[in-house]
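Both complexes below contain subunit A, partnered by subunit B and then by subunit C.
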Partner chain A sequence: MTDQLKNIKNIARKVGSAKKPIFITVIVLLGITFLLDIFVVDRIFDILVYLYIALGALFVLYGIPSLYASRRLMLYYWQRASKNKLAVGGLAFILFLILLAIIGPLFTADPTAVNFEEKNVPPLGFALEESVYDLKTGQFITHQTTGTGEHPLGTDDKGRDLMAMIISGASVSLQVGLFATGIAIALGTLIGVSAAYLGGKVDNVLMRFTDIMMTFPFFLLLVFIVFIFGPNLALIVVIIGLTGWTGTARLIRSESLSLRTREFVMASKALGASDGRIVLSHLIPNVISLIIVIATLSIPGVILAEAALSFIGLGDPNVASWGMILRAGQQNLDTTWWVAVAPGVMLFFTVLAFNFLGDGLRDAFDPRSNV
Partner chain B sequence: MTETILRIRNLKTYFFTRRGIVKAVDGIDFDLLKSECLCLVGESGCGKTVTALSIIGLIDSPPGRIVDGEIYYDSLNLLECPPDQLRHLRGKEIAMVFQDAQSALNPVFTVGDQIAEQVKLHLGMNQRQAKEKTLSLLKEVGIPSPEKATDYYPHQLSGGMRQRAMIAMSLSCDPQILIADEPTTAVDVTVKAQILDIFSQLKNARQMSFLFITHELGIVPQIGDRILVMYGGRVAETATVTELLNNPKHPYTASLIKCLPDIAQTRDRLESIPGTVPSLIDPPRGCLFHPRCDQAMAICQKEAPPPFTVAEGHTVFCHLYSLPKR
Partner chain C sequence: MKKTWLRDYIIKRLLLAIFIAWAVLTITFVLVRVGPTSPADKYLANLTVRGQDTAQVVAAIEARYGLDRPIYEQYASYIVNLGRGDWGWSLSTSMPVMELIKTHWIYSFQLIFLSSIFAAIIGILIGIYSAVRQYSKTDYAATFFSFIGISIPNFWLGVMLILLFAVKFGLFKTYYDTGLPLLSLANLKQLILPVITLGTGMLAGYTRYTRSAMLDNLRKEFVRTARAKGLPERTVIGKHVFRNAILPLITIIMFDLGSIVFGGAYLTEIVFGIPGLGQISFNAIFADDYAVVVAVTVISAFLVLMINLATDITYTYLDPRIRYD
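Right after this comes the complex of A and B.
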């Protein structure tokens, strides 16, 4: 048993020391398949799938080892955060959502399969009464459809299974939330820390640029770009990411301003560290808790932005996002109310869960707060 | 006698503030010899730290600027060195130990990681070599069970341990010169003695030059070879430690020595030097010390004193010695 454990540890150590080459190999392989995909095979996977794999490799090779290395600290933060029951609930819901998005599609029907025989089936436990003109008797009769176990959440007006649509919508929302926030946070952190560290003119230029970006109505820009280039989920994600970094940049800058004058920055300068090194390995690690909190709190905004875009008809028509379902459902709200309610409820709880988790994390990371 | 490793000539570092020009360092000259320990002594605000930062090129600019002078490391003029080359010199050739190790160490990394980073950066070692080097460095500065200490974060170590870790970090690339900026000020007396011990051991073990900055004259004899007394951004007196402590020539040095507390002697009050350090924005004319000097003469208010060599290697900047015979 202990021998086995040792073996595993040895392998882990070997993998750990060869982190960089492994990661570069993964990225290069991904790049090659991506190019093949585009130019030779013509699209097997979506662009986002490549992003997923790259991020996954990054997380496994760099995220997990550093989490493991600081497991005591993580345990401490977990103990603090877990006192906030709402945050734990939020985290549980988010984990459930991730699980749903990953393994849910394996168990549900095809969310795009149209079946007019079974249109407008209400959810399990509900019934829909319709007045139907009966051709045989020439009279209006009341026809009752009851929900079945086959479609636990019912179907929409084209007979598509709502459960399957909601589950595929979950993966869309999470993709949008994580990637757009990832881009925004990375940009915001880099700009904020650089502005604070370099100071002077650079600070001024970067922060005025941030101000300009902030005053620009980004939703309008989003609508405009989608109108020009056509609705495409990857494009929407990138645009939300490229416009959503401004608040992050400001917060990170103000936090790093106090760090810049700390003596350890001077000390590492005195020991020959370059500016880039100080920013990347001294300043950013010191604001990482703030970054995590900002990221968690900005994910719901991004998810809502995508839903809003889909709702006004500018979402990617090829993916069943929650906003899309909501848009389809609101037209028949008086009869088939469940089509709009289901994605609405999911959006509500998702946004709430991220907000609760973000608040909990903020309290846990703040050494001054006594949770 | 021995080779000069650092030669400073007429160094002037001014700070251009809204209230005026602060002449923090105003024309100092000194040589640091190979494997000697030169102590820079003076009251707070007399330009000791600014001198050190000028040497390694870390004067914040603006508002600070080195307006004149030469700093030669071997035959390289550091003031004309391109920033990139200077950066490579820092840490590898000239390293610095800061006063407060608590804030000079990055709170989010373990001590071992921070030292290893230094080694990897300058010496291009891999992970394993860096780890071994880290352990040997920590052992050298007298940290018990270095294997454990590498995994500690700075806040988990005691003050003395932190200061040792900081010293280990600055030693990591075997620098030629170690500048220690009041390394014993933020620690208590017993730790202070230990830190001083480490410095003396290092001095004996390594062929390294030390520039030891302190405001405590009392600790100088333990480690110093020569001493340089600064006042108001200028040199007041320089001599070997024994010479200077036994035979101070400058009235300022003499009063500094008088201020040293002596446990054996029972006094009601500690001595102090009347007056305060002069404002460096609007310094007094002539000798900067004359408003506080009890032997001031008419000339002291008009002219800054030139250097007078009173003995072998003993130079004093004071008009008292311009007279043919006192």
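Right after this comes the complex of A and C.
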């Protein structure tokens, strides 16, 4: 091993041992900026920016080390999962979508640019026949518009480029999916692991609370809260995240319950490891595969919930999400049908991709199934 | 013995359901009152357009609906009124909220009822066939289509069905006609697209659950015994495997009724313009008609809880081994 590699490992170890102070510092700094942002200066950053940083720190400091600790297992799982063609296809589509959301806006027109000269242009390869009143002859003539390469997916009734809107919608859906799931998974893991590890009364109270939360009809409540506090993407993300952790908590609890009585946990306890250390370096790395599966399979539900909200007119009006485009398209179904088709197709394939990937991963992580 | 614990269990769950419904009610009530917009705002905007004095109008409206009193007093009187079956007054439709719900619940009910039956029958049949002929082409096709059914956003499916069958082919009307009598063929016809829209996701789910439940049981010892003693395959599948597989299915179907269906029915009603509870609460949202929104939210929550309780009780009768404590 070269000295350089040793150095890197040493630094990594030092960062690793200072995880807790680093994480707390990041969160405290974020909190202070957030309060300053709200009360002193007038909202410089979007709330989503804070979520980005907080979840990013959580993932880098706790997610990556856990994955790294079980890297050989992860590699083995990946070999199993990669035999499932649908799962690989799903992953490929998700990566394509992420790429599209990041670099797509550089190549497309402004999704909000209204241009009534070019309204209702059909997609490439389609034509639209309209009856138009001709001022010169004073008669109705049939006017045919054909799709152009300039707007490959056509334009809507305000002349906005559908391709640009779809790409901007991709980033909205992905952000909602990742953030809301991130919050839900973090909360669910925290509650599940604490319930299992602390046991007794804590376990009882936490699980009763989970049961009650599970029976709450959240879609109605979500609609209601967004209705009261106004449509805002960050609010929608936070509410979905704060209400969607129940399933995760239950699964993680039952998995951790069986883990905490295993020999290696006992051994580490006997060696004098603290509770925090046992949870972070033994329990979480061992449930990380389960966490990945739950996360993958709960993203579609979250994306659909946001799309449904936007579809019924409660989406954030400042961003073009797929649900909102679909809503606009539904109102002009008889002329500009493509506006309703495109966002739904994207939504459908995104959900399908996450479902395929999640299912493939679940099979790969399940030692009883043979892939 | 069984009767006592079951009765205790039902009482316990009923109390819990009432507690949760109360929590939903309180949360929604508080949210409305602390939210940034006042219920009077909308009416204020309408009335000031006609040149009336703003402050006077606000005071009049707030006094009329008791909004000038402290929040705990409003809450107390709301609860007292609820006890008398009075859910408040719907500002946008000018009728008591209870009347509104009484005239509209049937539209939601018929949609949910027909969709569940459609999804359960077809989903279970496909699931059984798929499991019995595991790894056949039909099985692969069923598995693949169930993935599609689960992934397709139901509101988009509804829009696409309207686009294809109503706009392009003109087979159906694009909007729900409330003039038709409920128990007529014409009404059934106009419910075809909504039922497919709401039912597809459930159907796909039931296919998957039935298939895996059947497969689990097909490998059991008692199936081998049944075959060994020479029972015809039809009896083995129908009486031995299916009987055991249906149990978890019933829970899933009823649980679906509670959770997925209420969200899905809400959207389906909006897409097709069916005037059910989802639609009236949706209209109420955009008319800032708070009393209706609160009532529909709380009533749906309570219904979901009741359905979940009914599921647990049914389960104890279907499987005598089950005991809740």
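Here is the rule we use: the second predicted complex is superposed on the first by the 297 of 371 C-alpha atoms of A that agree within 3 Å, B and C clash if a C-alpha of one lies under 4 Å from a C-alpha of the other, contacts with A are read in each partner's own complex, and residues count from 1 in each chain.
Convention: contacts are C-beta pairs under 8 Å (C-beta built on N, C-alpha and C of every residue); 3 or more make two chains touch, one makes a residue touch a chain.
Given the structure is predicted, the values throughout are model-derived calculations rather than measurements.
A.B. asks: Superposed on subunit A, are subunit B and subunit C clashing or fitting side by side?
C.D. replies: Superposition check on subunit A shows subunit B and subunit C fit without a clash.
A.B. asks: Would you sort A:Ser274 into first (subunit B), second (subunit C), both or neither based on which partner it touches?
C.D. replies: Only subunit B is touched by A:Ser274; subunit C is not.
A.B. asks: Which of the two partners, first being subunit B and second being subunit C, lies in contact with A:Tyr77: first, second, both, or neither?
C.D. replies: Once the two structures are laid over each other on A, A:Tyr77 reaches no partner at all.
A.B. asks: In the superposed arrangement, does A:Glu263 touch subunit B (first), subunit C (second), both or neither?
C.D. replies: Once the two structures are laid over each other on A, A:Glu263 reaches subunit B alone.
A.B. asks: Spot which of subunit B and subunit C makes contact with more residues of subunit A, would you?
C.D. replies: Of subunit B and subunit C, more residues of subunit A lie in contact with C.
A.B. asks: With the two complexes superposed on chain A, say which partner A:Ile225 touches: subunit B (first), subunit C (second), both, or neither.
C.D. replies: Only subunit C; A:Ile225 stays clear of subunit B.
A.B. asks: Looking at the overlay, does A:Phe34 come into contact with subunit B only (first), subunit C only (second), both, or neither?
C.D. replies: Touch partners of A:Phe34: none, neither subunit B nor subunit C.
A.B. asks: So in the superposed three-chain picture, is A:Tyr52 touching just subunit B, just subunit C, both, or none of them (first/second/both/neither)?
C.D. replies: neither
A.B. asks: In the superposed arrangement, does A:Phe356 touch subunit B (first), subunit C (second), both or neither?
C.D. replies: Only subunit C; A:Phe356 stays clear of subunit B.
A.B. asks: In the overlay, answer first, second, both or neither for which of subunit B and subunit C A:Gly329 touches.
C.D. replies: A:Gly329 contacts subunit C only, not subunit B.
A.B. asks: Minimum C-alpha distance between subunit B and subunit C after superposition, to be given in whole Å.
C.D. replies: 18
A.B. asks: What residues on subunit A does subunit C touch that subunit B touches too?
C.D. replies: Correct list for subunit A: none, the interfaces share no residue.
A.B. asks: Can you check the complex and tell me which residues of subunit A touch subunit C?
C.D. replies: 212, 215-217, 219-221, 223-225, 227-230, 300, 304, 307-308, 311-314, 326, 329-330, 333-334, 337, 340-341, 343-344, 347-348, 351-352, 355-356, 359
A.B. asks: Where on subunit C does subunit A make contact in their complex?
C.D. replies: 16-17, 20, 23-24, 27-28, 31-32, 35-37, 147-148, 150-153, 155-156, 159-160, 162-163, 167, 174, 258-259, 262-263, 266-267, 270-271, 281-282, 285-286, 293, 296-297, 300-301, 304-305, 308
A.B. asks: Would you pull the subunit B residues touching subunit A in the complex into a rising list?
C.D. replies: So the residues of subunit B touching subunit A come out as 56, 58, 87-92, 95-96, 98, 100, 103-109, 117-118, 121-122, 127, 166, 169-170.
A.B. asks: State the interface residues of subunit A toward subunit B in the complex, per the touch definition above.
C.D. replies: Residues 17, 262-264, 266-274, 277, 281-282, 285-286, 288 of subunit A touch subunit B in their complex.
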